[in-house]
Each structure stands twice: as C-alpha cells, then as structure tokens.
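In the part that follows, the structures are each spelled out as structure tokens.
Look at the two complexes coming up: chain A is in both, with chain B in one and chain C in the other.
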Partner chain A sequence: MARTDVVGDIERSGRPAEVPAIEISGLTKVYGASETKAVDNVSLSVPPGTVFGFLGPNGAGKTTTIKILAGLLSATSGQVRLNGLDVARQRAAAMEQFGAVLEGSRNTYWTLSAMQNLVYFGRLQGMRTSEARSRAEELLRDLDLWDRRDEKVGGYSRGMQQKVAVAASLIADPPIVLLDEPTIGLDVEATRTVKDWIRTLSKDRGKTILLTTHQMDVVEELCDRVAVIRRGQVVTDLPTDQLLARSRQRDKYEIRIDGTGDGLVLPEGFTAVSGEETTLISGRLEDPQDLYPVVDRLREYGAVIEWMAQVQPDLEDVFLDLIREPAR
Partner chain B sequence: MTSAVTAPGALGTQVKSGWRLTPRTGVSVLRAEVGKGLTTQLAHPIAHIVTLVFTATVYLGLQYVIGQGTIQHDLLPQTLVGISGYWLLQFASMVMVADLVEEKRGGTFAQTQLTPAPLWLIMTGRLITASVMGVVVAVVATLVPMLVTGTTIPLKWAALVPYSMVLINVLAFTFMLAAFALSSPMIGVLQSLLTSMVILLNGAVMPLSLFPTWLAVVARLLPTTMGVEATSKVLFKDESLGDIWSDGTLPWLIAYTVALALLGWYVFVRNHRKALRDGRLGQY
Partner chain C sequence: MTTLTTTTNRPGAPVRASRSRLSTWANGFGNEVHKGWLGLIGGWRGTLIQMAMFAIFYLLVVLFIGRGQLRTDLLITGLLGMVPLTFIHEQVNRAFWSYLGDIQSGTLEQTYLTPLPSWVLLLGRQVAAIIGALPYAAAVYVTGLITISAHGASMPSDVRVLVPLAAIVVGTSGLALILCGLTLVYKRVEVATQISIALWFIAGGTFVPLINMPTWAASLSRAIIPIAPGIEAMREILLKGRSLTGLQDGWGLGWVIIQPLLILLIGVLVFTRFERVAMRRGTLGRY
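Take a look at the complex of A and B:
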C-alpha cells in the first residue's frame, strides 16, 4: 500500500523518486488589478507514464492552470516544468515535450485536409516534410482516417475532427500529452476509440497523459491518479483507487419513495431528486445502523418506500463530495 | 531534426531535445506557415473574386463621377498606382489581421503556440503570405481596369524602388495591426476604418496634387500614400531616384517606413507580453 500523508489541505501519496513529467510548484495567478487569485499556490507532481486526471468544477482554476502549463499564460508566481524544463524560461525545449488537444477549440485548420494539418504541425515541431508525412500516415491509419486523409477537416464529423486533433497533438511523438475534454461531444464509438488510444499511449508507449474531463466514468476508467482543484487550490491529489477507497469508507444509500416528497425534511447529508410520481433520496452513512432514523423520518412523513439499496460510491460521488465540502 | 533522448537521472523519462532555431528549421517553419496561409486563403476563391470585382467597379464608378460623366483617362494611370497600393494593404490586412483574429477565435492560433517555433517566426511566415497575396492581387486588380479602359502605365525600373517601399510600408503597418490584434479583439474595426481612409486618400481616387494642402498632409500620414506619391513622380513626371531623394520624398518615405516597422515591432513585443499575462493568445 502506498504511503499517504497530508500536507496542509492537500493529500498526497505514492510519489516515485524520479524527475516528474509535469511539475507545478507554488503556482499562483492573479488576473489584472483584481485581488482574486484564479490559481492559488498550486503544486502538483505527475510521474512519467501516468494518466493524471485534473478535475474541478467550472471556474475552479483548472483552465488557468492548463493555460500556464501550455505556455499560453504567464504565472504571477511559481513554476511549471515539463520533464524538468521550465515552460517560462525554456519555452522551445519545454514545448517539445508536449502535445495538446484543447477543449472548446478547433485545434486544427478546417480549410486544410487531415494530412495537410498533420504535416503543418509536424513542421512547426521541426520535422522534415517526409518525416512528418510518414508519421502522419501512421497516425491516420491507426485512427482509421487514412482513406479520407485528403478531405478538408471542416467536412468531417465531430468525432473525426477530434481524432485529427489527437493525431496533430501526437505528430512529433511528444512524451507528455494534455487532453482537455477529449471525449466531449463524441458518440459512443468515437469515445471508445479515444479512450483506447489514451490507454495505449500510456501503457504501451509510456506517455504521460494529463486528462481533464467532467465525465467521471472516463476518469475512473483511465486515470492512475486524480487531483481536484477548487477555488484555485488543489484539495486532493491521490491515486484513483485510494480516492475511491477513502470514499467507500462511507456507504451510499438510495431510497425511492412514492410521491414528490413535498414538505419532507431530509436528514443531514441526504438529498432528494423528485420525479413525476416518485422521489429518489440518497445520502452517505458511516454506520449502517444510522439508516434506521432515516427510515423512521420517512415513516413519520407517511412516505411509502418502494425500494431501498446500498450503492457503491463512484468517482462522481467522490468529486461532488470534494467540491461541496465547505472551504477550509 | 528532432530526437528522443533520455535525460540523465530521469528514470524512464523520455525527454525530447532537438529543436534549435537554425536556418533549416527556420525556413521549414516559414515554408509551412506560408503553405498553410496560401492554402487557407485560396480555399474560398469566390469571396476574393467578388471583393475584387466589387471594388474595381466602385473604383471605375468613382472615376466616372469625378470626371462628371466621363472617365478622365489622364487621371487613370496615377490613380491606378494608388489603387494597387490599396489592394496590397487590403489583402495583406486580410492575412495579417482578419485571419489572425479568426484563428484566435477558432483556437488554431493557440495550437501553433504549443510548438517550439517562436511566435515572431510564425508571424514572419504570415508576412510572407501577406506579401504574396497582396502583390498577386494588386497586379491583377490593376491590370484588369487597365485593360478595360485601355490605359497604359510606362514601365520604369527605377519606380520599383519607391514601389517596393509601398510593400514594406504595408507589411510594417499590417504587422503593427496584427500586434494589436494579439491582445485586442476589436482591431477589426480600426482595420476597416483605416483601409477605407486609404482608398479615399492615398491617391487611388485622385492624385495627391489635386488635394488641398492640409488634406495632403493628413493623407501622407496614412500607409501607402507617400510610396504611391514617390512612385508616381518617377513614372509620370520623369523624375529620377536622385530627384525624389533630393526633394525629400524618398527620405521621408524611408523614415516613415522604418518608423512604422519599429513601432510595429515594439507593439508586437509589448502586446505579446500583455497577451501572455492576460491569457489572450486564444479563446481557450
């Protein structure tokens, strides 16, 4: 079992003693004249070969951190190193370590074909045209886009465009890949392809993947380690299994009652979602014996219990718990 | 050539280190940027053709109005030099400013920043694209009205000196606008305003010699005007390069162009730093 320790508000464990692929130390960003810190003294260390989930609600400081990491934004203080290279001071060398698919942006030129895009980005990375073409062929064949390589990317489906973006980020075979919401808007099949790729890149090719997503099933399936940022600060940085195990110390219960639950006062820590004819009540309990007062409360209210179950908490529950916890 | 090496002491860490700015990598980046720029520009040729036809019609219409119902053929050669300067500016601005703003919105500009290639080199590639597009369009857009109206412009090699300054002038100016575009999304409005002023005041509508003195002074502050004036002197008034040097036209033109280029570089450095500080290098 990996060692776990608590440093201030941030829990850490299992640090291998090697040069981290991504190292963020004391990173702070204050925008303009405002005193609000978008990122407040964030420190993270991602070992090579890890699939690292970087999570947080909107406005938590995730995008700001990623922008600084990608060299698109300067930090107010602190440092970001990619394979030991300082992004601010050794930009060119640091950028060589790195490929990225950024969320909400096109990432590739829609007026160019997939092949033209890959060769263009390859050449910006210092590759010769022949070298870029051969690497592009390999990537396009792997992603099942070879037959449509000469079509303009603007005419592709969303899934195909995302595949081209992934291929462009990998054209120079960087050791670190940032995938920001890589499966957003994709259908089931394309999502599966991207997920398989992430797994292959990490497990077979030893790449370090920094993954951000709001899809917790993707994180649970792929990430070795997860950090959660909230209000500009990292609140958790743990291996995924430890994060889940910690959460499972308290079981989750779900109770479905008849009716809309109007006027029902819920026990502390329980929430209700009302449907047209039924209401689903859920909450976490450390001791199963604590379920009796909950049932008593429902009985006093006159609710008819239709169904009740003990549910294994998933990463989404853990994430929601973390971002809902009052600020410390 | 990129290569993958293992950094000392970094167990299992693959560290890539190979990119250096050399003549080969520099030229490679420039060729990639120019190739991409031209392909993007030529992806929708109809839009360019419509713009060309519309503005050429407006130009000939204005000449008709100024000539009070007839086209004054003695004015056409001089104004055609002016309109070619306008076309240079119009298409260079399209590449340097409009495309940049669009790429910032779309996210591809941010993506180019995730490479070891420095921004100034990428911007230089855009300048080359802007010159190629600008020159080709300016030549076509000047030749067509010449053919339609049967106008001839005397070919004098000496005129290439002041006219090349028009091109440099335009590139310096559009580089400065692009530098503003790095941190200001509203630059498109200023660009439209200035290019409209250029077509009215750089000699494309009527030669500068017909302007009131105060208006001629204002017009010379705009890009292309002084270059068009110097070129016209060589082409149509039989003045030599020595003549336009000694009467101050060429020195002022060079000084103006250098000042514009220096100002453009200063704005670029300043606004790149500002854009990095405020996170405005892309919509992301």
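Take a look at the complex of A and C:
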C-alpha cells in the first residue's frame, strides 16, 4: 500500500483526542564519545491545535531536540512521535505530518524564484507539479508575493525571504508546523505579519505549532503552553498563564534612587543598575511587608528614593529566573 | 491582516493526491532533475563562458604537446581523453557542490524534511549533474570536430564507443557519490575533490595513453581512476579498429564494465554510511 494511503487512513479515521500532536518520551542525545548529554531524558507532550513555546538559552539543547524531532538527527535513546507516528521508525509517514522553518538557514533556494521554490518543496513533499502550483498560488497571493513570484528569492528583502520560507513549510498544508526563530532578523512590520500567521494557523486552522524564539513578547502573545529547557533538561512545562501566575506569586519591585549607589549593600535577591545620576534597584518579594527592611537599608545608606513601583513580571523575567535557578 | 488559506476550507481538494509509491518516487526524482536544470539555465552566462574555457583548454594542451602545432593525431587522441575529462570534472563538481552548496547555505536540512527516501533525491541530483555536465563535454567535442575538419582530417566514429562512454558515466557517478558522502561529515573535502580531478588529468590516460606509462602506473590508473579504462577502450575501438570483445591494451571489456560498477557500489556504500554518521553527529547542516 502506498505511504500516502497509510497517512490518509489515520487522518480519515479521526485521531483519538488523547493522541498528542507531538510526543517526546525520554529523549537523550549524547554527541560522540563525550559524556555530555546535549539532551537529557526530555519528555514533552503537545496537544493538537496548541501553540507551544519551546524556550531555552543558547546551548541548552533546544536545537538538538528540534533536529531530532525533524528527523535530521538520530537520538541516543528515547522516542519522538508526530501524530502518533514514530519519526525514527515511520519516517516517511511522520514527515508528511509537519513542515518547518529552521533557524539560521536559508530554508529556500535563493537562485530560484518564489514560485519555483514552492513548487520544488511541494514536490519534495510528494505533491504533483499541478497540485504544488495551485497551492503555491494560494500561498503567494495570501502573503502578498504573487506579483513578485517570478523574481529570484535572493533579491528579496529578509522579511520577504522569511515569508517564502514560511510558505514553503505550509505548501503541503501539514497539521504540525515547526517554527524555529521565525521572526529573527525581521523588522517590526514583518514580525507582526509572522505573528498574525501563527495566530491564524493555530486559532482558525487548528494547526499545532512548535515555536522557538528568544523574543519573549512573541511567546507571551502567542503561546498556549511553554516549556523551558536548560542544560539538556526541561525545567518547566506549563500553560503560559499558569507559568506567569506562578511567577507572580512573588511580586517584583523596582526602586529608583538618586546617585550611583556606590557602596550600597543590597538585600539578598536584589540587583542594581546604575546610571549617570540614578540607580535602579529591583528584586522579588513574596510578602510586601518585606519591603520595609529594604527601604530601611536605603534610608541608612542615605539614598533619596525618587520612585518606587510594584511591577508585574513578564515572561522574560520568568524565563530569566528559570534559567538561573538550580536545575530541579 | 494576512489570511492564510489551507485545505481545511477546501473540502474535496486534497493537497496531496493519493498515488503509488513508485509514482511518488518518480515525481521526487524528476523534481531534483528539474531543480538541477533550472540551476543550469539560470546561470547560462556562466555556462557559456565555461564551455568556451574548456574548449580553449583542450586546444592549448594539444598546442603545447605538439610544440606549437595543432597536430591532427594529437587533436584526435587528445579529444578522446579531453571529452571524458571535461565530463568527469563537471559531473563530479556539480554533484559535489549540489551538496556542499546546500550545506553552506543551510538548505540541505530542509531538503531532508521529506517523506521521500534520500536515495531518490540522491539519484535525482546525480542525473541532474550528468545532464549539467553534458553541454561542456559536447562543447569540447564539437570544438575538436571542427578543428580536426579544418586540418583536412575526420574524427572516426563507431557506435560501440557508447559502451565505454556509459561506463565512464557510471564510474564518475560513483566517484561523485563518494565525495558527496564525505562532505556530509568532512566539510573541507573540497580540496580533495580538486586534487582528484587534477589526478585524473595526469594519470587517467587523458593525453598520455596508459600503454605509454610505466606498467605500475597504468595498472594503478586502470584500477582506480573512473575514466581510465573507458578512455583506453574508446581509443582502441576508434583508432585501432578493435571490437568490444577484442580489447587488448588494458584489462579487457570485463574490466571496462566492472570497474565503474565497483566504484558506484563503493559510492553507494560510502554515501549511505556517511549520511548515517552525519545524522548521528548532527553535521548534516553544519559547515
């Protein structure tokens, strides 16, 4: 039986609701003879239709996990399933389940036009030329690239190139889309466009999106759920609102004082950023009453408080806290 | 706001129609060949310049060997060596750079995100490289024919040379596979590629027939250089009037056929092995 039929059966039969779109179980990757684990027993489950933020600092194991997920790298142990299909053992069928924009790569051929690229990547996904052309036309019109479809992609702006890369990942209309740093290098307008696509793909089309980015505002705005990886291990995996709420159990305070703050000994957990004339002190407190000793210390130092505020931590604060905390 | 169209709102219009595995593979193979073709015609100016350069190179070599004269005998024997050399140079380089170029640009990983088996794409890239190499070999051949005619002679022809020619195509494809496989893991293998091409020029019997070389050197060339047995066979058929079964200078028809098949087999094994290593080490898209 043809491979496409196998996948067709799965799609037609209706996937049971409990089958995750992406399921990573006990994934470990050790490079070469070194004992260092780039990915260490990572397990994640992404329900269908979710925008899943997969975050981590550079070198945390994020790219390694993504490459294993995309079938570009073999795992030392563990398993990755896309819509229930094992990437290592059922590669062909699993590959039909997703499209990807990979970080740091061109993703498309710059010597070919946008239309040629989309037709090429469509056929690479098993589409006939006529099918790929028809789908490419839809995407290029949607992305306002139709008038420039026959120009070489190398001559496009960075934002337009990224649009073509996203279009290429959607050419076969896969249920899962992997977007690795899709807004990197884009200007404000192009970033807004990409964010709109992601929202449309997820909310209106029910696609599962795995998103990695260092732009926390993008994550906070779009992701239903966030996992953070650090030193090869997942340190948190929570719905975005829960993650923010958990962090907000400890409020963040900011105090601006006059002067550079030389010689000021800060209370534990507080940091200071000195400017030319003022210093911004910030830190987290579980109980607002704990603010009194901080103020007392500033008074003893002789600082003049210019301004003080309680600040809601955003996802960037949460992320920084998570990657600084000892691994759990 | 941008509106994205997906097939979910186009019932009855599946993006991927169901079809047989063979048909899907054939489509994927054709896709790679088509991409190679687009690359060739997209850089047509460069193609024309290179075609002229190879033709000039051929004439210059004959001129130097002939001590300042374009001797007819050298034009004919040299042409039989230069056409395969041009072919191997272009075929190997095109196949090799289709990988290294994609690795450098970061596009290679994207081409692996496919339900198609990688050997289908590999085969497509190889055929695209063969098609891409043909205009250069043809340019040298036509230049040779015109120059030889201008000297009042004619280039012998015999349909039986198609056998050694096909053997050369198979052998160079094997060599290209070896180098493509190596570059998936060792990114600086480019230097080895250039050196190997130079080696084929010197030791492949291109201008100096193998029978004029020391026995050990001729044996080594016949054993490992993909174009050597083919060139030797073509010279015997066209210049000495021998039949395919009557080849005497080298190791016979059997070796003309077996040697490229062995190189192809080694190429397939090396590529498969190194592709697996690249996927284990994560070097598929790393340069």
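Worth pointing out:
The rule we apply is simple: the second predicted complex is superposed on the first by the 310 of 328 C-alpha atoms of A that agree within 3 Å, B and C clash if a C-alpha of one lies under 4 Å from a C-alpha of the other, contacts with A are read in each partner's own complex, and residues count from 1 in each chain.
In this text, a residue touches a chain if its C-beta (ideal position, glycine included) is under 8 Å from a C-beta of that chain, and two chains touch if they have at least 3 such contacts.
What you see is a predicted model, and the numbers here were worked out from it, not measured in a lab.
Chain B and chain C, once both complexes are superposed via chain A, clash. Look at A:Asn83: by the touch rule set out above, it reaches chain B but stays clear of chain C.
In the superposition on chain A, contact is made by A:Ala21 with chain B only, not with chain C. Touch criterion met: A:Leu73 reaches chain B and chain C at once. Touch criterion met: A:Gly49 reaches chain B, while chain C stays clear of it.
Contacts of A:Leu179 after superposition on the shared chain: neither chain B nor chain C is touched. Residue contacts after overlaying the shared chain place A:Val235 against neither chain B nor chain C. On chain A, the surface touched by chain B in one complex and the surface touched by chain C in the other have residues 31-32, 64, 67, 70-74, 91-93, 95-96, 98-100, 102, 104-112, 116, 120-121, 123-129, 131, 152, 168, 172-173, 206 in common. Taken in their complex, chain C has these residues touching chain A: 1-8, 15-21, 24, 27-28, 30-31, 34-35, 38-39, 42-43, 105-107, 109-117, 121, 276, 279-282, 284-285.
Those residues of chain A that touch chain C in the complex are listed here as 2-5, 8, 31-32, 64, 67, 70-74, 91-93, 95-96, 98-100, 102, 104-112, 116, 120-121, 123-129, 131, 135, 138-139, 142-144, 152, 168, 170-173, 193, 196-197, 200-201, 205-207. By the touch criterion given at the top, residues 1-2, 4, 7, 9-19, 21, 25, 28-29, 31-33, 35-36, 39-40, 43-44, 106-108, 110-118, 122, 273, 276-279, 281-284 of chain B touch chain A in their complex.
Those residues of chain A that touch chain B in the shared complex are 18-19, 21, 31-32, 48-49, 63-64, 67, 70-74, 83-85, 91-93, 95-100, 102-112, 116, 119-121, 123-129, 131, 152, 168, 172-175, 206.
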